[in-house]
Structure formats: structure tokens, C-alpha cells
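Shared between the two complexes below is chain A, which pairs with chain B and chain C, respectively.
Right, the complex of A and B next:
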């Protein structure tokens, strides 16, 4: 029983990290219509930058983190101006494919700048080895921070989008680009802000995942991104809270299935095989989309102009 | 991501720059292939492919871009270091070694094309190293029917026998296999470390399963027991459930099999939850490198690692001298170095006018109790093409792999 509770807790943490990534994916998709497959590479780039600050000039962690988050904002701005803006009028599929190219470019640049990160390296944080004990359950400090940060960011984002002029302008732009323009909303600025904000979210997710895994390389976000995308699609791709819930569902399903199936077999089929587990998750995902094509919480069809 | 459709014609028409890029790419490819053909066939004065008056061309498939580059890239550096030393001292029987490496991105579905390129475009004399057991097995399906010598398939699960256990005629393995290693690990943890119950985290493929089977056999024979085993895949990032499953079995020790990154993540997951088995962990030989100890950080202290190379040999000392400017010792690079030495010795033994048949004779008859230079001896005969089968154990102390046992022969613990 304790093991199951521990797994549920771990699943929540894993899911919250998927959810945090899904938040940024949804934010960009809703605001700019870009299905951003470079999101993992953005997260990895900033995390690698943080690693370099920690191990090169040996900056204190919090100072290095602050610089990295500023770098994330800058990176988001550069990507928006240099990449997303010229593709603004392109079909959605073209933009999605272009993000794949962007991911490769970012990875290549990181490899060229910091070749040590082409191999796995130890990612040092002040949280390493520290854990909270809740009865018989363990919650590492990194995991606790992941849960707290996701909840906090989701709340802040909701407040921002509902209560601030900039947030309302972003929602208006997401609903109708033309109408937003006619209303005098500086949509260029909105796009820029959306990319910067999403890049910041990616950076925070990347750092939290790295702190949890303690091992990174330039491609460490690749396998995580796929599951985050599933979370985003499950959540409906148009709701921030849906994205987080979708991520949580994926994280919990992955962990609980792994525990329940371990050591079991069906004839000659080893159900504990991680491949079988992933197949089950993907099959469940497809089934759910067949039943609810717009995801668990998806709204009406989006109309892009 | 591959499911996305190709751009519609209207989209293609709008994009002039990509079309120019495509044309340039085609021209570049044509130029490159032309260069490749010229290079491969030039100056050949021997009947054997890849052998000219002054050069012997050999080829290898080593991932320098994909998931196993962490192992294969340093191996390639070791190869190149040894070949450059040999070339600087005059080569092999007057011929320089030209080593052509291609990367299959660690993806075994690309290995066949990579080997075909080496053989049909680059006209290599022999294949030296294909990195990754699955990749090597794919390569064998191409080289064996064509009678192309293939030396040093890298990976403990590489095949070197057919279904009846008979040696494959054109494949020579230098590495030990995971099956033998499983026996020796089982013996060591049961008799030396006195572990009564052992759990296993293994890479869920044929190699991991092979080690699971032999580890279990040896543990049972020596009075211990495999109480739990959990598989993982190479891209797995979340080890919470795997950790809980193994922890629930309360093992004295956990054996880690497979790849450096996932096993390090497992150890980190366990450490984050304040857990370490009573006797700690023992990792199998892909982790026998200080880079793994470094990745683990403080949680790595005290972990045992299986290995099969000793640094207390003249060849190892020669290697250390040649790499004294390297920031850290790399066991993978050393692996490349010592296997390049075996390759060069084989070419020497193949005679002054080598053919593939003479190389095969040299490999089958010139390597009886051969001193590998890294500790164990190696014996190849027409009936036996397996690698070394002696293992020793290290322990991570202050971030460094430190020997803690002598060599143990697999045949001695599992006759």
C-alpha cells in the first residue's frame, strides 16, 4: 500500500512536470498557432546554459538560475523575432515542421558551444539528496519544488490571463487575430510576449526535470517532450488547466502501470516490459481521442484566420 | 513527427529558397559520392579490396551522433590514437592504416546501409567494430554471407555463433558476453559480497534478458537468490516505479545492467528517496568508466562495477603516456586503443600481401593465448570466435574506479 502511495506521489510529480511543459506548449499554440516541437530543445538549451554557469565560472546556484531565466526570456524573444514572426502567415503544418528544424538548430548550437554536454553529465543542485519524510513517504526537495512550482505557475498564469490587460489582450489575440488588430491590440508585441513567457516556462520545467534526474545532456528533454505533448493534447490544447491535468494523467498512468504490471505476464508476454507499458499508454491515448477528439477538456473547434 | 504530410504543391511553389537548397544538396551529394568512389579504389595494387600498395582501408560503424555516442565516440578516439601511432611508425608491413568511420546514429535500422556504404562505396578490406550489440548483429547479416572479415562487434550480446553454437566463420569477438558476465557477477556478489538476496535493473532487450538468466543461475548455485527484476528502455526517464518494485523485494544488493544514463537516473531516484540497498549496487561492464562515476556524483561512492581491463600492463601504460593530457581516463577510449592493437596484430599476421582469406587464417590460427595487453588472454580458433571471459571488479572510491578483485574466469565459476 505504501509503495502504491509512493508511486502515486511520484506520478503526481512526473505528471506535474509534463503538465508544466504542456502549459507552455498550449500557451504558444493558443496565442500564435504554432505547434512547437522545439519546446523541449528550448528547455534543454536553457538548462545546459545553467549547467555551464554552475560548472564553468562556478556561480552560486540561485544567481546562475536567475541569469538562466533571463537568458530564457531573451531566447524566447530571439526565436520569436528570428523564427516565428517570419512564419506567421504560414500554414500550421509548415510552422510545426519548421519547429522541428528549430529544435535541431538549437541542439547543434548547444553541442558546438558546449561539447561536454553531448555526453551525460551530472547536474548539480542545492536540493540533491534532500528529502521530506511524510509518514512512510519520501518526497525529495526537487520533487516538492516541482509540485509547488507547477501549482503556483498555473495559478499565476490563470490570474494573469483573466485579470491583467496584457493577459486579456493575449486571450483576445488567441480568439481572433483580425479582431484583436481592429481593436488596436499590438499583436506583434503579444506574440513576442507569448514566446518569452513560454520560453520561461520551458526553462523552469527543464531545470526542475534536470534537478530530478540529476543527469543531463543536450537531448535530455526529447523523451519527456513526447509525453508532455500527449498531456497537452489530452487536455484539449486550448485550456491551460486542461494541459496540466492532461500531464498529470500521463504521469500517473505511466507510474501506476509500471508498478502494477511489474512481474506479471500474459502467456509469454512480459507485461512488465516498458515497451508494453508505453504501448498501453499510447493505445489508451488513441482510444480517448477516438471518443473525445478534442481531448478531455477541449472546447469547440478553433478557427484560425 | 514522421507522420506529418509533405508540403502541398502550393506551399512548395512559394518556397524558392528551399528549392535552391535542395539543388545544392543534390550537387553536394553527387560530389561527395564521387569523392568516395575515387578514394576507395585509388592505387589498389592488390587483388583484395581495400588493399593498395601503401594503404589498407578498414571501416567501422560507430555512433557519434545518437544515443550510444557516449560509449562509441571515445572508442573511436582510442582507435584513431592507436592507428595514428602505427602509421607514424611506418604502418603495417609498409602500408598505412586508413580507418573510415560512419555513424548509424545508434539506430540498428541504419546499420546495414552504413556497412553497405563501407563495403560497396569505400571498398574496405574488413569491418573493424560496429558499436552496439543489435547493430553488430545487423552488420553480421551483411558481412558473413559475403565473406567479409568482421572484427570486434561491440556489445556483450553480439552474435558470434550460429543457432547450433558453431562459430560464425567471419566474425571475431573480443569483448566478453553478458551471459558470462552474469555468471561471474552472480558468483562475486554471492561469495565475496555475501549478498543473500539480489535485485536486478536490466535493459529490456535480448542482452539484458540473457544477463538476467545467467545471473539468476549463478546466484542460485552459490546460495543466493534473484528476488526481483525490472526492465527499462533506453529512453526511459522516470524510474520511480522501477525503484519501488525493486525496493519492495528488500534486496541486499541491486545489480545495474545496460546503459550509463538510465542506470545513473535509477540510482539518483533511489537516493532522492533516501534509499540504498544494504550492500549498495553493482553495475555491469558498460559502466566501467570514470565518466559514469562522475555522472553519479556523491551517490556513486562505494558502487561496485564489473570490468575486464586492467591498467597494470605495458600496453595500458603506453596508453596512459599517450593520453596524459586527457582531463580524465576514459575506459571506452582505452577499449578502442587496445582493440585497434588487436586489429593491427591481425593485419600483421595476415602477411605482406593480405587477402581476406589470409586475414581469416591469421585470426583463426594466430591468436592462441594471445596477450591482449589489457589483462586477460584471448584465444580464437576456427571453432571458437568468442571474446575474453575474465572479469574483475572495481569500486568507486572518491569518484574513481578502484580495482578490488583479481580477474575471475567465467569458466571457473560456471564450467
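Right, the complex of A and C next:
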């Protein structure tokens, strides 16, 4: 029983991180129609920047974190103006493919600037090795922070999108670009803001994930992003709350599968291997999409109309 | 209020509007008639700045705005109720109205304008917190108009008012527009498929054909015009014309039209 609870708890942690990433993916997709496959690279770039600040000039962690988050905002703005804006009118597939190129560019630049990140390095945080005990359950401090931060961010984002003029205008722009223009909403600024916000979310998710794994390299977000994308699509790609739930589902499935498969084997195949787990998740995902092409919640069409 | 001179516009290599000149005097309700594909929607979109002006001038409240962006035109007091309504489907009715007031400051004034819109369209009152996607066609058109009113426009452009609406709903929405025009002095340019209905409420009308204005004049005169009867009223001469039909000449030139604001000659549709 306790083992199951422990697994569920850790599923909740990974799930909330997937959810956080899925949220950023959906935010960008909804407001600008870009399926952003560079989202993981954005997160990794900022996390690598933080790593360099921590290990190069040896800045105090919180100071370096603050600088990195500012860098994330700047990076989001640069990507929007230099990359997403010129592609605004392009077909959705073109934009999606272009983000793959963007991911490569970001990774290449990071590797060129900081070659040490080409191979795995230790990511130092003040939370490393610390843990909380809740009854019989074990929760590392990094995991606890991940849960807390994600919950806080989701709450804040929800408040922002539901209650503030700018937040409602973002949703309005996502609903109908033309109507938003007719209202006099400065849609260009809304796009810029959406990318900056999504980049900030990516950076926070990246740092939280790096703090959990304690080891990063320039590509450390790639496998995570894939699962986050599955979460986003499960959620229907068009609703923010759905993205979070989708992320949680993927995170829980990942951890429960790990528990179920551990120690079992099929002939010479070790079912406890993480690769098997991911394969099963993908297979389940494909099956689910065949049954429910619009995600778990079956809302609006996948494509922006 | 609005003067358009020699306006050319279109999409890509295609020119749709070939030198439109028209005038919407302050306080008037002007009808724009024309068959499908005549360029009515293109004209509306060009006036709003959604489509660029290729050549010609748009003067609004004595300012040249043909190079201005949509945002600036909205700030100057232009608003469009677009073809197909273009609501924000996932936003609540209330949020839709709030977005109509995006460029405005002052919470109290905005709240009181929401009340005003609800007074004009009481059907929306019970729907305030529901998503706009859940509205019926008529309610949707009311919301689209209400949302445009929230920006406190000086000139309201309405594209395809009755599209997809039941006749009774069209009547009641037209009645509200008429009140806004006659009682609050809101200037309007109305694109309407149903020429008969449009001519009843308008005090000036233009007829657009293949991207050019071919006729203009007082509604009563246009309604009596045999060409109009043939093309847009679909029928027997003077059978459906307003009571005071046949009292003048339809003008084919773009001179300054005489506008009367009296409601009594509008066929009693108020």
C-alpha cells in the first residue's frame, strides 16, 4: 500500500512537471498556432545558462536563478520576434517543422558557447540530498518544490487568464485573431507576451527537472518534452486545464507502469527497462487517439479554426 | 462622419473594389446593398483596416485613416460587427462584452455600458456567464452588436446583419439598431442581404455591383427604381415599396446626398 502511495506521489511530481510543460505548449499553440517542438530546447537553454552561472562565476543560487528567469523572458521575446512572427501566416505544419529547426539551432548554440554541456554534468542546487518525510512517505526537497511551484504557477496563471484584462485578451486572441484585432487588442504584443510567458514556464520546468535529476546536458529535456507533448495532446491541445490533467495522466501512467513492470521479464526482454515503459505509453497514446482523436476531453477540433 | 474617395482594395493579385466613393453623414443610417460577391464585405474590412487600402482615401471624423492600423481606427471610434459575427466562443458573454471595451479605462463606465447593452438586448442577461459558443444565432448577433457598442463607437459598421437569422429576430435586432440611430444618434453603415428590410430603416442607400457603386439615393427612391426592384426586391413594381416611394430620382453621381433624420418617413419600423 505504502509502495503504491509512494509511486502515486512520485507520479504526481513527474505528472505536474509534464503538466507545466504541456501548459506552455498549449499556451503557444492556442495563441499563435505554433506546435512548438522547440519547447524542450528553450527550457534546456535556460537551464544550461543557469548551470553556467552557477559553475562559472559561482553566483549564489537564487541570484543566478533570477538572472536565468530574466534570460528566459528575453529569449522568449527574441524567439517570438525573430522566429515566430515572420512565420505567423505560414501553414501549421510549416511552423511545427520550423520549431524543430529552432530546437537544433538552440542546441547547437548552447554547445558552441558551453562545450562542457555536450556530455552530462552535475547540476548543483541547494536542495540536493534533502528530503521530507510525510508519514511513511519519502519526498525529496526538489520534488516537493516541484509540486509546490507547479501548483502555485497553475493557480496564478488561472487567475491571470480568468480575471485580468490582459489575460482575457490573451484568451480572446486565441479564440479569434481577427475579432481580437477588431476590438483594438494589440495582438502583436499579445503574441510577444505569450511567448515570454511560455518561455518563463519552460525555464521553471527545466530548472525543476534538472534539480530532480541532478544531471543535465544540452539535450536533457528531449525525452521529457515528448511525454509533455503527449500530455498536451491528451488534454485536447486547446484547453489549458486539459493540458495539466493530460500531463498528470502521463506522469502517473509512467510511474505506475514502472512499479508494475519492475522485475518482470518477457523471455530475455527486461520489462523494467525505461524504454519499454515509454514504448507502452506511446502505444497507449496512439490507441487513445484512435478512439478519441480530440483528446481525453473531446472538446473543440484539434486545429484552430 | 465618414467619407471614402476612390477606394481601391482587394486580396493578393485580385482587385475587388474599383474606386469606391461614398459618404456616411453624421447621424445617418446608411444601407449598403449588393449581390453576393459585389465587394460589400471587402469594403467593410478595408474601412476597418483589416485589408490594406491600395489607393484612395478614407476620411473619418476629418482625419485620413487609410494608412492607420485597426487599433488606431478603433480608438478613433470605428467598430465593425463582422460577417459571421466572430465572437470569442470560449469566452463568456460578459467577457466578450468586456473585450469590446478593451481600449477603454474606467471600470464604472464599462459596467454601466454592459447594463446598457443588456437593456437593449435583454435576452443576453441570463447568458452572461455562459460561453458565447452556447448562444443561438440571434443571441450571437445581439452579442456581436453589443460587443461593438462597448467600444463606444462613433460609426458602427454592420456586415450581413440577418445572415442565418429567423425573420422575427432580424426585426427585433433592426428595431434596436433603429433606436440606437434615431434616439442616440449613432451613425451606422449597414450591409444587408435583404434589401427590402434595409431600405425600410435606412435614410440613404448605396448599391454595390462588381466592386463599383452603381446607384445611390434615398431609400424610397431606390425602392421605386425598376432596376432595384428587379435585382434586389425580386418583384412586382411598388408592391413592397415604402409608402412614400416614387417621389424622386435615383442619382447615379456621387454628389452630397441630402439626409433627413426624421423617423416618420421610415415606414414605421421603430
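Throughout what follows, the second predicted complex is superposed on the first by the 288 of 305 C-alpha atoms of A that agree within 3 Å, B and C clash if a C-alpha of one lies under 4 Å from a C-alpha of the other, contacts with A are read in each partner's own complex, and residues count from 1 in each chain.
The criterion applied here is as follows: a residue touches a chain if its C-beta (ideal position, glycine included) is under 8 Å from a C-beta of that chain, and two chains touch if they have at least 3 such contacts.
Computed from a predicted model, the values in this text were never measured in an experiment.
In the superposition on chain A, A:183 makes contact with chain C only, not with chain B.
Of the two partner chains placed by the overlay, only chain C lies in contact with A:165; chain B stays clear of it. By the touch criterion stated above, A:175 is placed in contact with chain C alone, chain B being left untouched. When the shared chain is aligned, chain B comes close enough to touch A:10, but chain C does not.
Counted by residues of chain A touched, the larger count belongs to B, out of chain B and chain C. Of all residues in chain A, only 165, 168-169, 171-172, 174-176, 178-186, 300 touch chain C in the complex they form.
Looking at the complex, you find that chain C touches chain A at residues 48, 50, 70-71, 74-75, 79-80, 82, 86-91, 95, 98-100, 102-103, 147, 151. Residues of chain B touching chain A in their complex: 1, 4-5, 7-8, 11, 69-70, 73, 204, 228, 230-233, 235-238, 240-242, 244-245, 247-248, 260-261, 264-265, 268, 271-275, 291, 294-299. Touching chain B in their complex are the following residues of chain A: 3, 6-7, 10-11, 13-14, 37, 90-91, 93-94, 96-97, 100, 118-122, 124, 128-129, 131, 133, 138, 140, 142-143, 209, 212-215, 217, 220, 222-224, 251, 254-259, 262-263, 270, 272-275, 278.
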